[in-house]
Each structure stands twice: as C-alpha cells, then as structure tokens.
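Chain naming follows the written order as A, B and C, and within any one chain the residues start at number 1.
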Amino acid sequence: MQHSREFLLDCYRSMVTIRAFEERVHDEFAAGKIPGFVHLYAGEEASAVGICSHLDNRDAIASTHRGHGHCIAKGCDVGEMMKEIYGKRGGSCGGKGGSMHIADLSKGMLGANGIVGGGPPLVCGAALTAKYLKTGGVAVAFGGDGASNQGTTLESFNLAKVWDLPVVFVVEDNGYAEATSSSWSVAGSQLGRAAGFGMPGVQVDGTDFFAVHDAARTAIERARNGGGPSLLHVKLMRIFGHFEGDAMTYRAEGEVKKLREDHDCLKIFRRRVTEASLLDDSTLDAIEANVARSIDEAVSAAEADLPPSEADLLTDVYVRY
Amino acid sequence: MSDIQPIVMPKWGLAMAEGTLVGWSVGEGSDIQKGDEIAEIETTKITNVFESPVSGVLRRQITKGGEIVPVGALLAVLAPSTVSDAEIDAFIGAFVVESADDNGSKVVEREAHLGGRNIFYKFSGSAEDGIPAVLIHGFGGDADNWLFNIESLSASRPVYALDLPGHGKSTKTVVKGDLDELADAVIAVLDDAGVAKAHLVGHSLGGAVAFKVLDKAPTRVASVAGVAPAGLGEGVNDAYIRGFISAEKRKDVKSALQMLVADPEQVSATMIEGIQRYKRLEGVKEAIETIAAKTMPQGRQAVSFRSLVEKTDKPVLVVWGEKDAIIDPRHSEGVASTVSVVRLPSVGHMPHLEAAKTFNAQVAKHFENAEAKSR
Amino acid sequence: MPKKTYRQVINEAIASEMRRDSRVVAIGTDIAGGKGSPGEEDAWGGVLGVTKGLYGEFGPERVLDTPITESAFIGASVGAAATGLRPVAELMFVDFMGVCFDQIFNQAAKFRYMFGGKAVTPIVIRTMYGGGFRAASQHSQCLYPLFTHIPGLKVVIPSSPYEAKGLLIEAIRDNDPVIFFEHKVLYDIEEDVPDEAYTIPFGEANITREGRDVTVVAFGRMVSFANTAADELKREGISVTVIDPRTTSPLDTETILESVSATGRLVVVDEAHPRCSMAADIARLVAEEGFKDLRAPIRTVTPPHTPVPFSPTLEDIYIPSVARIKDVVRSIAAKVSA
C-alpha cells in the first residue's frame, strides 16, 4: 500500500509523541511528582496510531486504564493530558478524572476506563448512535487480553453481532493481564472466540505499523459499509509494568531488554521507511527532537498549573440537580 | 316516621362523588335551625362549612369525623325528642342512598369548538324553561369554581359553566389571548348549546369577558352579573398575577391562592394541588402568560367597560367582597345608578365561594328582576 | 378526566416523548418480544405488558429488543446516551442490577464529574421493584437505597398513576442519568390522569395528607398505605401529615424538616431492607438537622433484615402493613419528651 510522505510523518510523529509522553511520565512518576496510578502504553504505539489514523470525529473509541496512547492517537491535546495526569485544573477533565479517566467526547474519545471491560458496551452504544443517526461513523473498542475474558466484552461481541453494529473490537494482547500471562488465562483463542460469535477476526503483528494499518482499514471499512462487527487481535508488547511501581518480577530476566531491541515498533517503522527510501533518518530525528521539546513544555506547564479550587469539588455531579 | 329528617352528604359541584366529613361542630341532642353551621366537609376541591338544610333536634350522627362517604349518604338524622331511638334505628336501617342521577338534575359535558380548539363546558338543567345562565370563571380558574352555585341556580333555569381557552379541560392553546378571543369562546358555547340569549355571570377576568360579550353580541345577553369583575377600573393586583403564573412549589402556590380569600385557612391542600396539577399541563404556562399580558399587563386592566355599562339597557349586577385584595371593590362606585351593587363585608375576591348562600340568593333575585323587566 | 392505570400512563409517557423527540429510543429484553420467533412480534410488550404497542408505532429501529445481556445493553444504552441518543432502557427487575451495576454506577453516574463537566448522559433506566407478588427473594427487592447512594444518579419512585406519568416525562427530558422505580404491584392501580403531557419536577415532595400530630414519610407503594393509616387514625383523633418525597435523589429535605418542626414526630415507612435504607437516611437527616424540633424518638416501619420470603403468609408479615404503620404512629403520638 502506498502512503504519502505527509501521512508517514504524521503517524511517526503521533507514535513518537506517545513514546516520549509515556517515558517522561515514567520518569516523573518515579521522581514522585505524579499522584495516583498510571498505566503506560510505551511499546504499543503502532496499534493506537495504526488504527486511529483511519478515524475522524464521527468515530468513537473507548479505551482502557492504559489509555494515554489512544487519547493521543485520537487527537486529545497533549498539554491538557499532562495537566490532567498531574491533577491540575487545566487538565482535560479539570483535574477531576486523572490518568484513567481522560476523555474528550468532542473528538469521539469516550474515555480511558478504570474498569477492565468497561469500554466494549459503551462502544456498542456509540455505534448504535452512529447507526441510528446515520452519521456513517464507526466505534472501536480497545481492550487488553485481560479485558477479553470479561463478561462485558463477550456480551458486547454478541450484542454487536445481533444488532449488526458498526464496531471494531481490538484486543491489544501484550501477553500479560496485570501479572498473569495471557497464554494461561485466555481459554481458546481470540480468533476462535470471534468466529464463535460469527464475526470475522484477524491476528496481526502489533509491532508492525503497516500491518496494523492494513488490517484496520479492512475492519473499519467493513463496519462503515454496514458489514457489521469484527475483531482485530493485535499482538504487541509493553515496555513498562502493568502500573508504574510494578517490579515486573513475573517477566523473564532480560525479556524487556530484548523486546526493546528486537520488537520496538518505532525502530521497526524507522527501519522500514528508511530502507524503502520513503523518509530519511534526519527527518525522523528532527521529529523526535520537536516532540521532546513539546513534552518538556507540557511538563513545565503542568507543574506550573494550579490544582482545582475547593469549589470545583462540588461542581458537575449533575447537569442540574 | 315523617318527622325524621335525614341529613345527607351534599353534592357540591357536578363532579363530586364523595366527601370527607372533617368534623361535627354540634353534638347529638343539639337543637338545629336551618342554616346553622353543623359540620365541616372536605371535597377534592375545597373544605367548607356545611349548613343544615333543615331544622330539628340532632338525634344521631351516623357518619363520624374523618369518614369519607358518597354523595347522598346519611350523615345524621334530625327528629323531635318524641321519636324513639328504635324508630330512628329503623329509619337508618331502611335508608337508601339516592344516586346522583336520581335527584333529577342532568349533568352533561360537552365541547364547543373555536378555531380548531375545544371549549369544554358543563350543562346542568333541571328546569326545562327559564332563560339559561352562563357562568364564566376568572384567570387561572375553571368551571368547578362554581361548585357551590350551580345546583342552587339550576333549580330555576339551565346553567352552563365553561372552561375558557387555556383553562380546565379546554384546549390549552390560546391564539391572541385577549378578551375578544375569550368572548368568542363564550359565544361558541352559546351556539353549540343552541342558546339564543343567556344571563352571563362572570368572575374577575370572566366579568370582563361577560362585558365583552355584551359589547360584541348584545342580542345574546339577557343580563350581566359581575363577580368582583375586571373591566370597571384601572388596577389589578400584579403581584398576584405574577405570583400565580410563576408559582410551582406548594408554598408558592399556597401564598398566591391565599390572596384570593378573606380567610386564608379556606385554602385547602387539595385546592393547592389542583392548581399545581393544572399548571403542570403542557401549554398552560404559555396560555396564562399570554392572557395576562393581553388583558392585565403590568397591573393595569387593558380595557374598561364603564361606558358600556352606563349605556346598556340590560340589567347589571355587581357583587364584591370588601376584603378583595385582587381588584379594588371601589371600582363598583360611580357607575350608573341602574347598576345593582352588592358589597359583602368579610369576603375576599371569591364571593361565590366565600359567601355562596348570599351570593346565590342575590344572583337568583337579579335573574328574576331582569326577566320581570323584559316581560 | 379519564381513569388510567399506572401501567397505561407509563406506556403513554414513553410514547408521547418518543413522538416529541426522535432521539428517544426504548431498549430492553422483550420490551416487544418475539424477535426471531415464529409467532407474534410485540408478543409481550414487556414482561408485565408495560411497553406493549410501542413496537407497533415506532418499529424495530426505535424499540430495540435485546438478548438477556444486561451489562452489554445497559452499557450500550449508557454509551448511546453519552453520544447523542436519549435511551429509555429497561432493567427488567432491579434485582438484576448485579450484572450491570458497573455500567450504571461507575460509568453513567461518573462521566460528567470525571470528565470535568464535559459529558451529558441523558439515560433513563426503568426498573421494576417491590414485594407482594410472591416472586420471592430475587425478584422482590427495593434496591433504591443502593442507587441513591451514588452521586451522579437521580432516583425516582412514583407512588400513583398521576405521579408516574409526570415523573417519567420529566425523567426522559432530564439530562442526567435517572433510575425510575416502578412498583410491580401498582401497575393495575387506576386514577384520573390528564391526556396532555405534564412534568413533575424532581426534588419536590408531595404532601398527600395534612395533619398536626405526626409526620409520616413514605415511598412508592407505601404512600397509599400511609394515606390509609392516616385516614383511619384521624378517627382516633390523631392527625397525620403524609409526605411522599417522589425522588430519593434529589431529596426534598426542606419539606420533611419543615413538617417535623410543626409536628415534632417522625415515622418513616420504607419497604427496602432496613440496613442503610431510606428510613435510615431520613432518620439521620432529621436527627442531625431537626433535633431541636423532635418531641419523641424517630420511628421507622420497615421489613426485617431478611431476604424477601416466598410463602404468602411470610411475605405478608414481611411487607410493612397499614396496621403496623398505625401502631408505630400511635406509639409516639402521645409521647411527650422528658
């Protein structure tokens, strides 16, 4: 598939932004600057960007607790995201949501979600709205291998098929659900499950941006054209722990180091585009440098911003009580 | 046996099927004169004192305080002391409740039409002849405002009571909301009922409506009785109008309604709820806002009918409570000497409710005089 | 004015709102019934017939039957609400909340707050509650306290047909998540109800009886029991105010406190399990904020702390009765504080 230079630059920029964002949050969290829990998406960038690059504001996505990557790929403002993670009033949710609840409904981002499996039913709803209002929109449910075992996920497969909804279910299988391996916890197979619900399903190498992008196009077009729901089983890896502070003792010695060398989606993308002479290293380096600066700015701004006021505690429980 | 007189649950208002005897104000053994207040009765519409329709010794109270009984049910028995308890027991045992249909008054509900909308009205005709009376309620009211008057007045002539557009059971949309439209609704009822000519009785804004009908269609009018009517002066209590329109919560509706009567205790919980239920209906708020803006903007009555009343040859009666807080009773002064004016002390803006007996008598007399004059 | 049943007016309210606003859709298990089956479409119209006829008027696009899959379809209703539709979803029995509560209390209830005021989730979840049907432990509960507990939800409990129509129309027009509790025993109760649409605002209690001696607060089906008790007590010379809060969230605390300041005595009648119930909640309110007005201890009339029993004799003891309400009111009517 031919891609324009602009497109490749945009996608690389998006993936690099996610990586830089997550690595910086990792550092700041370790330094004690960030309250609460964070769950980092570093290593999985090709999935979010490969899929969301097909979507526009008609389309909705729901994410997981590991949501920063999907937020950035769907177009959420990085500065507002950083402030939200820092719990400041300029954050995407006014500082009242935090890392696990970043959302932007105007961009179709139904939110990161603190409940494993919380997303798929909501996505069925967004797809129902798109179908009912005939917007031509689709809805994409991102979930992990852990969420794939939740009743809500399996019920959503069933409902999406029975109601013939424009949904793509994405299982981002990084091999671990918290500290438990997916090879143990997933009975049967993701594709077998999709077939069990009468849905098409495809497995794809989530470290290869181009493979993800290709498979996503088919699934999303199918949904958009009234062909109903399907499943993408995206196999990828996460660099960091389930949550920040996770010592990852359930992983093998040297496992992460090896993954970063051989299965880093950014390195794979760079190798691919430079070998095909689509982009050169200096262009890609420049992007990385720009992104690094913007992340610096985001962190400075977040540190400088104020927390929400005491009055903000009581606001926005209801539209009107 | 013929000396034994039953006192039954009265029928106040055509819709009343049952009432609560709140409490007796006299005990067994009391000597009652006709007209004495003997109990308090509560209906879904109002709580009011019940005056004895007969004289005698109150021998037995059958219905106890707090009991709810149907219209026509036995409340008490009056009998001279010479009648034995056994005879009274026998009377009570043999007593049969007359259903509402048996007392001879037909109650018919009809709908007239005005520009695609329904104008609901009730017709109570126990007399075959006699010039009919048409009762026109005021702002925010409905035909049930006349619940203490219809039965009495319909003894000698047919009585019609309508719900003005935007009110009661009529369609809630108003077009212009002015007196012209409201008068047209009255005329539509006359036409629908096949009534050539009627005595008009109008309360408050309904009084101005009655005057407007006299203005537009004098041949349809036999006489006009204005009950604390609009149309004879400048001012109207704007705080009341605003308050009534905006009130949604109980306490706000209660304070508004209490301005209407001399004794605030007369405003019952069910009255308040009735107004709340009316005002919640879709279209009501817009309708009454439009009517108020057209007919009573900023505490000013939009139209005066003083010169019409001066010049008309139709008999005009004006009844007013001295304690009226909504429209000043002094508007009744200085109109033609041919206009009969009755001013009632200790009565507020609702003489037809607050002093029903006196009111009914005055209006009946006014009808008779009007008919005598025209013969 | 025509007499209509509680069941009829709920149907009427949904239909009139669906006509008024094309974004209103109805979702639930067997709200039409018969999907994919060889027999009739709209075979049930809901398990107790409440939604019958909607399918015929509005069709499958707007009246969506679902498999028995609450977490998915309640969640889908939530997602649809957040993205532009106005779903009226049915959780057939509130006892089934366990399988979908996350979507209600963690998702719908919290979107607006968690997303910093940028979400609007105008979902109505209608649900059946209450005992008296001999439906036993898992189909007879009054779980409104659990929903009242959650900030971000509104909880509505209509006590009569007139109330049900106005409160449901208000609920459908409301822009927050509303849980609408329908007592299954009330479905056949009749009352005069206007044909026109009307709304009853949330957070304003109805006073169904006015008295001087004791304030009785009751919910749902218990309101008519309290009214009967009040009418019977009147003959004994005890005059009772009965307050129907209509909504437990928001709760009209002002009317309750005002009434207790006049009577000095409070009885709360609540059919829900007694621990952490509305009875407990209102007792706390008055004990804390109306203490100076109390002339007798606060009393409650509730079931015992047991699951709802099946056998009719047991269930009739379980559910608060008019007789029990009268006994409890009498017990404090004569008391004077020391």
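Note that a residue touches a chain if its C-beta (ideal position, glycine included) is under 8 Å from a C-beta of that chain, and two chains touch if they have at least 3 such contacts.
This is a predicted model, so every value here is computed, not measured.
With chains as nodes and touching pairs as edges, the resulting graph is an open line. Two chains share more touching C-beta pairs than any other pair, namely A-C. In whole angstrom, the spacing between the mean C-alpha positions of chain A and chain B is 72. With each centre defined as the average position of its C-alpha atoms, the distance from chain B to chain C rounds to 38 Å.
Shared interface positions of chain B, defined as residues touching 2 or more other chains, are absent.
Within the complex, the chain A residues that touch chain C are 60, 62, 91-97, 101, 103-106, 108, 110-111, 113-115, 118, 120-126, 128-130, 132-133, 139, 151-152, 155-156, 158-159, 162-163, 315-321. Touching chain B in their complex are the following residues of chain C: 1, 162, 166, 194, 196-201, 204, 206-207, 209-210, 231-232, 234-235, 255.
Only residues 64-68, 169, 172, 248-250, 269, 273, 277, 280-283 of chain B touch chain C when the two sit together in their complex. Every residue of chain C that touches chain A in the complex is listed here, in rising order: 25, 61, 64, 66-67, 69, 71-85, 99, 102-103, 106-107, 110-120, 151-152, 154, 174-176, 203, 250.
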